[in-house]
Amino acid sequence: MTMNTLPRRLLSSLTFVVGTGLLLAMLVMALLGPWLYPQGPWTVAGAPMTWPGADAALPLGTDALGRDILAGLLHGARVSLLIGAAATAVALCVGIVVGTLTGYFGGWVDDLLMRLTDAVQTVPPFLLAIVVVLIVNPSVASIVGAIALISWPTVARLVRAEFMRLREADFVSACRLMGMRPARIIFVQMLPNAIPPIVVSSSIMVASAILIESGLAFLGLGDPNVISWGTMVGLGRSDLRAGWYLVVIPGLAIMLSVLALNLLGDGLNDALNTRLSP
Amino acid sequence: MSPSALLQVQDMRLGLADGTALVDGVSWSLAAGQTLAVVGESGSGKSLSAMALMGLLPPAVRWLGGQAHFEGQALRDLSERDYRQIQGRRIGMIFQEPMTSLNPVMRIGDQLVEVLRCHLPLSARAARDRAVELLASVQIPQPEQRISHYPHQMSGGQRQRVMIAMALACDPALLLADEPTTALDVTVQADILQLLREQQQRRALGVLLITHDLGVVSQVADHVVVMYAGQVMEQGPVAQVLSQPAHPYTQGLLRARPSGKLARSERLHEIAGMVAAPTRERLGCPFAARCASALPQCAREQPPVVRPAPERLAACWLVSQGAAP
Amino acid sequence: MNFLRYLLRRLAQAALVLGLVIVLQFLLLHLAPGDVADVIAGESQASDPAFVQQLRSELGLDRPLPMQLLLHLQRVVTLDWGQAHSMDAPVWQLIAERLPGTALLMVSALLLAIVLGVALGILAALHARRGLDGLISVLALLFYATPGFLVGIGLILIFTVQLQWLPMSGMSSLYGDASWWQRSVDTARHLLMPMVSLSLFYVAIYTRLMRAAMLEVLPMDHVRTARAKGLGRWRIVWHHAARNALLPIVTMAGLQVSSLLGGSVIVETIFGWPGIGRLAFEAVFKRDVPLVMGILLLSSVLVLLVSLLVDLIYTRLDPRIRLR
């Protein structure tokens, strides 16, 4: 599969296009935030509980304390996307290292690290995240760490499976026979082949990370210094009867980003998969 | 083509939506109590023609022309519902891979009872007894116990026997056998063919046997149809066709069989070239490109169908000119 | 014979993993700045250093780390999981009280997810790449992308605030004497929204899984044989396709317990459902370390037990494995 057919396949996949489009919209929102609302999302911008559309200067209305919903939405985009991406990046690093070690070397390394992975996966992920965030005190860094902690096992297993499969491949045996150093085999020969499934799953992982982060923020366990979409939903919950838009608007934002990332992942999966679909 | 034929295929054309023909104008007939073998390489369309008769064409393939009659009933435009009255009941079918053709998570007995109770008004008890009888009739030892077994507990040969029992469970008039022995050991093959012959005699069954193995044809078939690239090259009584093949393709097939009589320095005969991919238009004889005796018009014009002998047909320019290839 | 050995091997594995989990939790506990004694002292607003020191030696916190680990292990095994200082009751008792609530919620959510997911997956596969399949796939995607708390709040908005059909919190609204039937109906009314909120995400997962599994099974040879037997359409779909596709789905269900427990934290909190999810949340907020640890431990045990159970069930269900 040559590189010049890949972009074409991607662009012809509707899911990929829609997903990327939505994601770009989210990114634009994130970038616009500090530019359109440099004063931040916490400042009081108008009368409390203004409905969306009631005031031209406040297109999405205000919350119970008079804060601009749109400002919150845009600033929240930065937080959610940032945390999602960062957590996934860390999880990928750890997971790839563990997966490579276990997949390539096998033996007691595999046994030990796999039991460790099992142990981490045995604890319900969200519970673990809550506990970690609590112990280390909620902040963007600790949330990123907590989400990374619960996400790396999946990556590790994926990489391990790929490596175990590749280990038996003829070209790897050939490299070993040639006397190639293990490090070179791993980095130059095997890892590039394991990339496609990693790329696909990282898209899904960012989506999961956003869901977890918004869950944490909803429960009040987010970084108290930043506002995220989850925080907005959590805050809006108490004023549900008076203004359901407080919950629905940030909720929709979360949903659309997760949707976008899933579509992106599906599209990538279709394009990178050389198998003919049924 | 006798009017009392059990199965009659007339100019059957099967292909894709864009008109590409995979089976291109095939005709034959089969009488009760007879075995007709359809022979050809992979890609000849022989399996597809059987699937069409059974109403099991894959979604991409459809009838492009022609007709088939079974027990007087036209098959081509039968609805799915009507076909279900025939499948398993009037026509039975067995397939090539006994290993995967049975449901691995269902007991043998249940799979037999299923087809029985679907078509016949039997109680559960009666159906179960009948299933045991069926297993016994295909020479499965200890049928009472085997009823509760799963397919993976049986050998390939035994599974194929079970398939035969299932196909014949409701006493059909016609059995379609698609390469029934290809996936089996040689020793088991003979047993299965023997079983088929017995069942045929006992029930006056018509059998359509799809195979690529001329050895099998000579053992069990009465008539043979030789197909190539979706068309019939030659057909007739087995004894005649195999001893005095008229068509160059048939001759090539017979020559290519290892006969154990080769001298050490002799090479195996083969038919040079490969089967061409199906195209949208017909251009002469499909075998022309690989035929050693091809005439100039073979590649350009459709060969006529001639009768080299009273019961035989061949589609060949060479044969039509009376010249011996 | 084989089965017994397999069982023992799995139990040994589970025990090992559980041991690792306990050690990890212990280490996590000690990662926290300050220790348990500080927290307890902080809660009871007694900052007298002597008192804190006494508390420390009581809890064995002044002994070397490996000793503490052993002590911890010993306490875990004897079910002496300590006292929940924020609620003034033994940890184990609190957990035991709330466990049935969560069990009810999780089991019903999982059942709903499986039944609905399997049905939708089968339908989608039968209409693959045509209208209904597209619709179901879009629906599944929406279910997957919508966070649980949003579904919960949305349902409350519609069914409690607007329509006033369903109660929005708790597990029962009955007081005094009530018949078994009345109590069941009442619990069911309370269960409905939390159950749906928790389950929707998994409906999406099972739909996609079942669809993929069906698409793999439908072209198989044994399905072709079933069609050649003239069997009815639904009989083929169920007995020869779905049942075969279902096996791996069942195993997957077992593995979802871990994820479901996490999801129940949010759902129970929104709906005020009395379960260990909500208990965990409250414990975390009140920094009740023994309680939190107890819940984590119990969850891990549950997950291990269920995964063991699922493995065993799978070996019984697949005749190819069972009768080897």
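A, B and C are the chain letters, set down in written order, and residue numbers restart from 1 in every chain.
By definition in this document, contacts are C-beta pairs under 8 Å (C-beta built on N, C-alpha and C of every residue); 3 or more make two chains touch, one makes a residue touch a chain.
Because the structure is a prediction, the values reported are computed rather than measured.
J.: Weigh A-C against B-C on C-beta contact pairs and write down the one with more.
T.: Looking at contacts between chains, A-C has the larger number.
J.: Would you kindly say which chain has the C-alpha centre located farthest from the C-alpha centre of subunit C?
T.: B
J.: Roughly how many whole angstrom separate the Cα centroids of subunit B and subunit C?
T.: Comparing mean C-alpha positions, subunit C is 55 Å from subunit B.
J.: Calculate how many whole Å lie between the centre of subunit A and the centre of subunit C, each centre taken as the average of the chain's C-alpha atoms.
T.: Result: the chain centres lie 22 Å from each other.
J.: State the interface residues of subunit B toward subunit C in the complex, per the touch definition above.
T.: That would be residues 54, 56, 80, 83-89, 92-93, 95, 97, 100-106, 114-115, 118-119, 150, 152-153, 163, 166-167 of subunit B.
J.: In the complex, go through subunit C and note every residue touching subunit B.
T.: By the definition above, subunit C touches subunit B via 220-222, 224-233, 235, 239-240, 243-244, 247, 318-320, 323.
J.: Looking at the complex, which residues from subunit C come into contact with subunit A?
T.: Contact set of subunit C toward subunit A: 16-18, 20-21, 24-25, 28, 31-32, 128, 141-142, 144-150, 153-154, 156-157, 161, 215-216, 219, 258-263, 265-266, 269-270, 280-281, 284-285, 287, 292, 295-296, 299-300, 303-304.
J.: Would you pull the subunit A residues touching subunit C in the complex into a rising list?
T.: Interface residues on subunit A, with respect to subunit C: 115-116, 118-132, 134-136, 207, 211, 214-215, 218-221, 230, 233, 237, 240-241, 244, 247-248, 251, 254-256, 258-259, 262-263, 278.
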